[in-house]
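Data block below; observations after.
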Amino acid sequence: MTQNTVDTNLLLTILDLSGVWSFAVSGSLTAMQKRMDFFGVLIVAFATAFGGGTIRDILINRPVFWMHNEAYLYILFIATPVAIIFRNYLQYLRKTLFFFDTIGLGVYTVIGMQIGFTWGYSPMLAICLGTLTACFGGVLRDLLCSEIPLIFHREIYASICIVGGAGYVTMMYFGVSETVTVLVTLFAIIIARFIVVRYKLSLPMLHLKDNMPHA
Amino acid sequence: MTQNTVDTNLLLTILDLSGVWSFAVSGSLTAMQKRMDFFGVLIVAFATAFGGGTIRDILINRPVFWMHNEAYLYILFIATPVAIIFRNYLQYLRKTLFFFDTIGLGVYTVIGMQIGFTWGYSPMLAICLGTLTACFGGVLRDLLCSEIPLIFHREIYASICIVGGAGYVTMMYFGVSETVTVLVTLFAIIIARFIVVRYKLSLPMLHLKDNMPHA
Amino acid sequence: MTQNTVDTNLLLTILDLSGVWSFAVSGSLTAMQKRMDFFGVLIVAFATAFGGGTIRDILINRPVFWMHNEAYLYILFIATPVAIIFRNYLQYLRKTLFFFDTIGLGVYTVIGMQIGFTWGYSPMLAICLGTLTACFGGVLRDLLCSEIPLIFHREIYASICIVGGAGYVTMMYFGVSETVTVLVTLFAIIIARFIVVRYKLSLPMLHLKDNMPHA
């Protein structure tokens, strides 16, 4: 293991734990908007923070991450009550939250891809794994809270993961070091999402001429 | 294997099969309220009875229980038609049903935890597994029937599993035998749910001062 | 490996890829009815085409099919843009689409059962696996698009898989060769669905005398 790998691993671990924190806060706030009780909020936070990585690990058939490192659960059990206690301050911090949610999105994309490559999957599958890791927790959160999954209101959410993943692959192809690739992809995803939301950008919506009842 | 373990295993097997029966009936009734046909009812009963244990087994990476012991499927294939045939009697037996559903809740919590410990997981993870086993089938049932998951209308549902699980861990910590721990936890969960529903108890709902559109 | 098995494998491979194509088109059209963007459509197509087989492979604990053969992803990445480009022609081809969707249903049932038997499962479990493979992708598609799962509007969908699966088992019991069994089951499912839809057949809906609030 080179020094570079050690640095990258440390970097990924720090980012990973901050991703769990961010998504736990995002899940808690959504659940509180639905006026759930403490345990309801905890379960939605759990699904949001762990859903994507769980699917990723099951697909790869590696041990599920939060079942083998209790640090993840501890972070969830700290982040959720903190989000509950400070709930009325957090809503005035909408931008802070958006910032954390966006960090989570970038981090989970990068971690999903990095694990995909570590397990020997192709670039295309690594992008699939990164996107699933980043987006599935939010889909679960919305299903549990009976919302139309946000990913499809604002599909740009998933689009940024996919395009960011393609950038990751391109940098690796040109021999950029892992640490640099991870950091550049991460910041590109975060900055892209800020720009997209700030300027209300969106991809063209596809639609059919008439609504066709699906046969 | 001690006599005690044999007894506990026999006890757990009996409870397990009665849990499948109860949840199959619960799923069948929900599906019939949605006016499904025979196979639709069967599929919802299947998802309700097997959903929680399937997630548990996939997370642990042990063989999925109903794929390796056909007794579970036979019980499903008996319980569902029986529920269909007696559907108009069952609704006058609302309390009987509630009784069975509650038994299922208690049994699945205890079995999920017991399997968690058998596979060497920590108390915290065992409680997670117990809660997932008890609650996930009901979430699936409600998603398939397009209801807001009941677990979040009446979150006390999951809360009782989590608190019951904490009691299980406490008894084990103080060296109480497995059979006693299982039985006490089971009856505590059942009695707690009866009291909660009878006296319409609930935990305080958490909410935000204003609805904050999720950034 | 006999000549017969080679033929059957080739047959199943061809059918399998055509099943992915059909379900990718079905998912794309549903997503475009919801006015999603390109990546949203791609994700719904992905879930529809791969959902059923993924659950099947996870339950069996065999490698997930699309993670180990990129041909499936290539077909998805060709079928989805083609469906998008020709979307306004496809809706005039409603019968063509229904034809493809029905082929997918038959193919996935047969492939799910065939894999179940290959892995040594009983006829009853093979039918469960076939039905899950054929129907789960559509359930996912509808959850992601926030529809009441179509399987339960028109439950005959799953019923045909289950009855077709029973026919498969019966033919195998009487020693019919695998190729013939696969082809007969496939065409029986396809023809049955055409007849059912053409003559608006349905199984009787089960309902309760009064709506009983679920205790």
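Order of writing sets the labels: A, B and C. Residues in every chain begin at 1.
The criterion applied here is as follows: contacts are C-beta pairs under 8 Å (C-beta built on N, C-alpha and C of every residue); 3 or more make two chains touch, one makes a residue touch a chain.
Because the structure is a prediction, the values reported are computed rather than measured.
At the chain A-chain C interface, residue numbers used by both copies make up under half of all numbers present, so the two copies contact each other through mostly different positions.
Chain A maps onto chain B through a rotation of 120 degrees [Cα fit, steps of 5, range 0 to 180]. Taking each chain's centre as the mean of its C-alpha atoms, chain A lies 30 Å from chain C.
The set of chain A residues touching two or more other chains comprises 58, 61, 143. The residues of chain B lying in touch with chain A in their complex are 58-61, 121-122, 124-125, 128, 131, 135, 139, 143, 148-149, 151-152, 155-156, 158-159, 162, 202-212, 214-215. Of all residues in chain B, only 26, 29-41, 43-44, 46, 54, 58, 61, 63-64, 67, 70, 73, 84, 87-88, 91, 94-95, 97-98, 101, 143-146, 150, 197 touch chain C in the complex they form.
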